[in-house]
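Below you'll find the structure, written out as structure tokens, and then a few comments.
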Amino acid sequence: MADATLSQRLRPYRVLLASRARAQMQYRASFVTDILGTVGVGLAEFAEVWVIFHNVDVLGGLDFTAALLVFALSNLAFSLADMFVGHLDQLPRYIRAGQVDAFYVRPLPLLAQLMTSDLSLRRVGRLSVALVALGVALTTADIAWSPATVALIVLTVVSGTAIFSALFTAAGGLQFFLVDGAEFTNAFTYGGSYAAQQSQQVFPDLLRIFWTFVVPTAFVAYIPAVAILGLDDPLAPTWLAWLTPVAGLLAWGIAATCWRLGTRHYQGAGG
Amino acid sequence: MSIIETRDLVRDFKKTRAVDRMTFSVEPGEAVGYIGANGAGKSTTIKMLTGILKPTSGHVRTCGLDPMRQRVEVARRVGVVFGQRSQLWWDLPLRDSFAILGAIHRMDEAATRARTDLLVEQLEMGPQLGTAVRSLSLGQRMRAEIAAALLHSPELLILDEPTIGLDVLSKQRLREFLVAERREQGTTLLLTTHDMGDIERLCDRVLVVDHGRLAFDGTLTGLAGTVGAQRILVIDLAQPTPDLHDVPGATLVDSESDGLRQRLSFDAEATTVAAVLAHVSSRHEVRDLTIEEPDIEDVVRRIYAASGRT
Amino acid sequence: MKTFWLLVRAGFRRHSTYRLALLAGMTTNSVFGFIRASILLAALASAGTAIGGYDAPTTIAFVWWGQALLGTVNLWGFAEVKDRVRTGDIAVDFLRPVDPQIAYLAGDLGRAGINLVGRGVPALLLGALLFDMAWPPSAVSWVAGAVSILLAVVVAFSGNFVINLLAFWLVEIRGITLLWMITGGLLCGLYLPVPWFPDWLRTIANWSPFPSMLQNPIDILAGRVVGDDIASAVGVQVFWAVALLALGQVVLRAGRRRLEVQGG
């Protein structure tokens, strides 16, 4: 019975997401083009890593396979988050189109409506690049497999997606204030994604602290990868890798606060 | 219990006061026209009624609920159409928008279908159900918007400029539908408009807002009486005719082309169109006649002038 | 020429109204600058002292000039002309006494100007303040660098202009735009210096117009390219600017004929 009510409670969102998927499938040719486009973006990002390793054998304490694992984990989490909630950082567009007002007169929470108002299926292109990279990294790397390793990988993908989703949500909340300067939030959404792909050892201490404790993208890929591969980085001990979900929760706490402040500002200022 | 109730409602934006100690209430089943110049505070009031905007001070209740604290509950019981903003899914067939809104309002599929069929039949939208919303004409889209707002059978329907940009025929169909819908369902209606025809056909009561203040609250006839706004009868005659000075209850405004076209103003309380026409046609051959409604901007301007503003 | 200047200034003013957007862009460019500088310095440290002719100060110059010119040079393209072709508004452009290509180029130069001043230079100064950066080694490098930036803006504009005009013939140019953006982003030397590429990829890049949009001005300003090599770097840019502008004229005329045949 409880299941039935839960499924009923979720029905509006299921219908909304299904409608978004249907709309994108309508124009098959441009949908395929868009998927190929995100495959291209994923490949270009990979090319950057690959070209560097064409010149060096080790970067930031990682060899190519380890760097590939970091690349794969962060891209996987980012493309999942981008697919589901990446449009949150397009909030000014929604405000200008009057869409936010339309959301307010519907009997569902605003954030839930905004999240389900789009579903960028084209991002499966980038997602598939990340999946292939993950497959290659996990099979070629020297990993001491155990149930804990598998659990850590799954936990990392889930928490990493949560962290990036939180960043997008925080971006949306801040954009209620920054309508004309919405690009500010790119600094930590796309910037965070770029930082997450790197070995954190390349950063000077201050930046490393920033990407661990302020915008916690170090937890998305690097810290778990060090644990999975059994590498040696005194600043990324194995137990820290298991705290990835905590980083996700904290990020969500901040995101929820940003969102609440943003909607309060909108209702206060009138858009 | 009133459907809408505001008391001393105030809303300030940075330096200006958009809504100034607004007090009014709307009872169930009423149809109220809410008019005023651009920027007079109409949209701001509607946003406060629906929980989009927080009042600076004062009291507001919609369906007996506080729109800020109980926004979701208010949304279940109110239907809103914002004139230029669509609540439909522009890239999907119209049918899908109704299905999605049904799910959003947690109606089951059978109920959604039944209600959609009914509204679509009344609004004669059957042929457009399979059309993508972005391909609908403005008139079709506006009817679809209203059907969408009524899908969940709200107690209160708020329409913000529903007829703006529509051609005469579309306006007429829309008004006829709203009259019928209100007759059958008893839905309360609050409507902002720039079209006096909307008010005349749809509303029993008019609120005029001026610089955020309520400048008039009463019937349409009372409004016309207050400001002396008169309807103009334009008569086209078969022969050049001397000026029609002697029509009871009507006054000549002007005369063109040697009296082939003459414009008479008349007071709706003193006489009727039929009486004026009968008087004129008993003496001259009338070829055509049209009625010019008082311009809403003009009515508002007069109200403003009467309340000491310009 | 006077009209041209007026249009440049109009473009400058039009984009200078978005102050907050400029500041936001500069912030994001700077964050990416920090990250990229960290990566490339780590790569240099791992390789020894230099890669492909880049030592630490030139690498830093590569990163920050790249971030500074990112908003100046329209690498990601624009959709305005495409939209006007689609809606038929381009017909209005044909009626004006100024050639549409020249008019849009002028507007883009104005946009580039405000982005260089309002977004690029602050990011560059921030980078110079926090890192040990190589400055242009001589007055010649400064002057040639400025000319090279101007040419980069023209090359990027005229390439994108041609892409936009394809909307005369194709219903959907999104695929082509995406392909242009992705290959361009990779080959222009935004992420990594072109000399770091493996041979085959470097060859492809050097035969494409993309390095003329970013790598060439950066090389001159970072002092990696000096002396006679400056002339050939600028020469390649001039070639691409002329070739793409000429191609744009050809395509524009063909589009205009098509418009006249179809009656708008």
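All chains are identified by letter, namely A, B and C, in their written order; residue positions are counted from 1 within each chain.
Assume a residue touches a chain if its C-beta (ideal position, glycine included) is under 8 Å from a C-beta of that chain, and two chains touch if they have at least 3 such contacts.
Note that the structure is a prediction, hence the values are computed from the model and not measured.
Colleague: How are the chains arranged in terms of who touches whom: line, ring, star, complete or other?
Modeller: Contact pattern: an open line, chains touching in sequence.
Colleague: So, comparing C-alpha centroids, which chain is the farthest one from chain B?
Modeller: It is C whose centre lies farthest from that of chain B.
Colleague: Using only alpha carbons, which chain's centroid is the nearest to the whole structure's centroid?
Modeller: A
Colleague: Counting only Cα atoms for the centres, state how far chain B is from chain C in Å.
Modeller: 53
Colleague: Cα centroid separation between chain A and chain C, in whole Å?
Modeller: 29
Colleague: Please work out the Cα centroid separation of chain A and chain B, and write it as a whole number of Å.
Modeller: Measuring from centre to centre gives 47 Å for this pair.
Colleague: Please set out, as single numbers or ranges, the residues of chain A touching at least two other chains.
Modeller: Nothing qualifies.
Colleague: Any chance you could list the residues of chain C touching two or more other chains?
Modeller: none
Colleague: Which residues, counting only chain C, touch chain A once they are in their complex?
Modeller: Per the touch definition, chain C meets chain A at residues 18, 20-21, 23-25, 27-28, 30-32, 34-35, 38-39, 41-43, 46-47, 51-52, 172, 174-175, 178-179, 182, 185-186, 191-192, 196-198, 201.
Colleague: Mind listing the chain A positions that touch chain B in their complex?
Modeller: Spelled out, the residues of chain A in touch with chain B are 8, 11-12, 14-16, 19, 22-23, 26, 97-99, 101-102, 104-109, 264, 267-271.
Colleague: Which residues of chain B touch chain A in the complex?
Modeller: For chain B paired with chain A, touching residues are 13, 44, 47, 50-54, 68, 71-73, 75-76, 78, 80, 82, 84-87, 89, 91-92, 96, 99-101, 103-106.
Colleague: Which residues, counting only chain A, touch chain C once they are in their complex?
Modeller: Those in contact with chain C are residues 29-30, 33-34, 36-37, 40-41, 43-44, 47-48, 51-52, 54-60, 178, 180-184, 186-188, 190-191, 194-195, 198-199, 201-204, 207.
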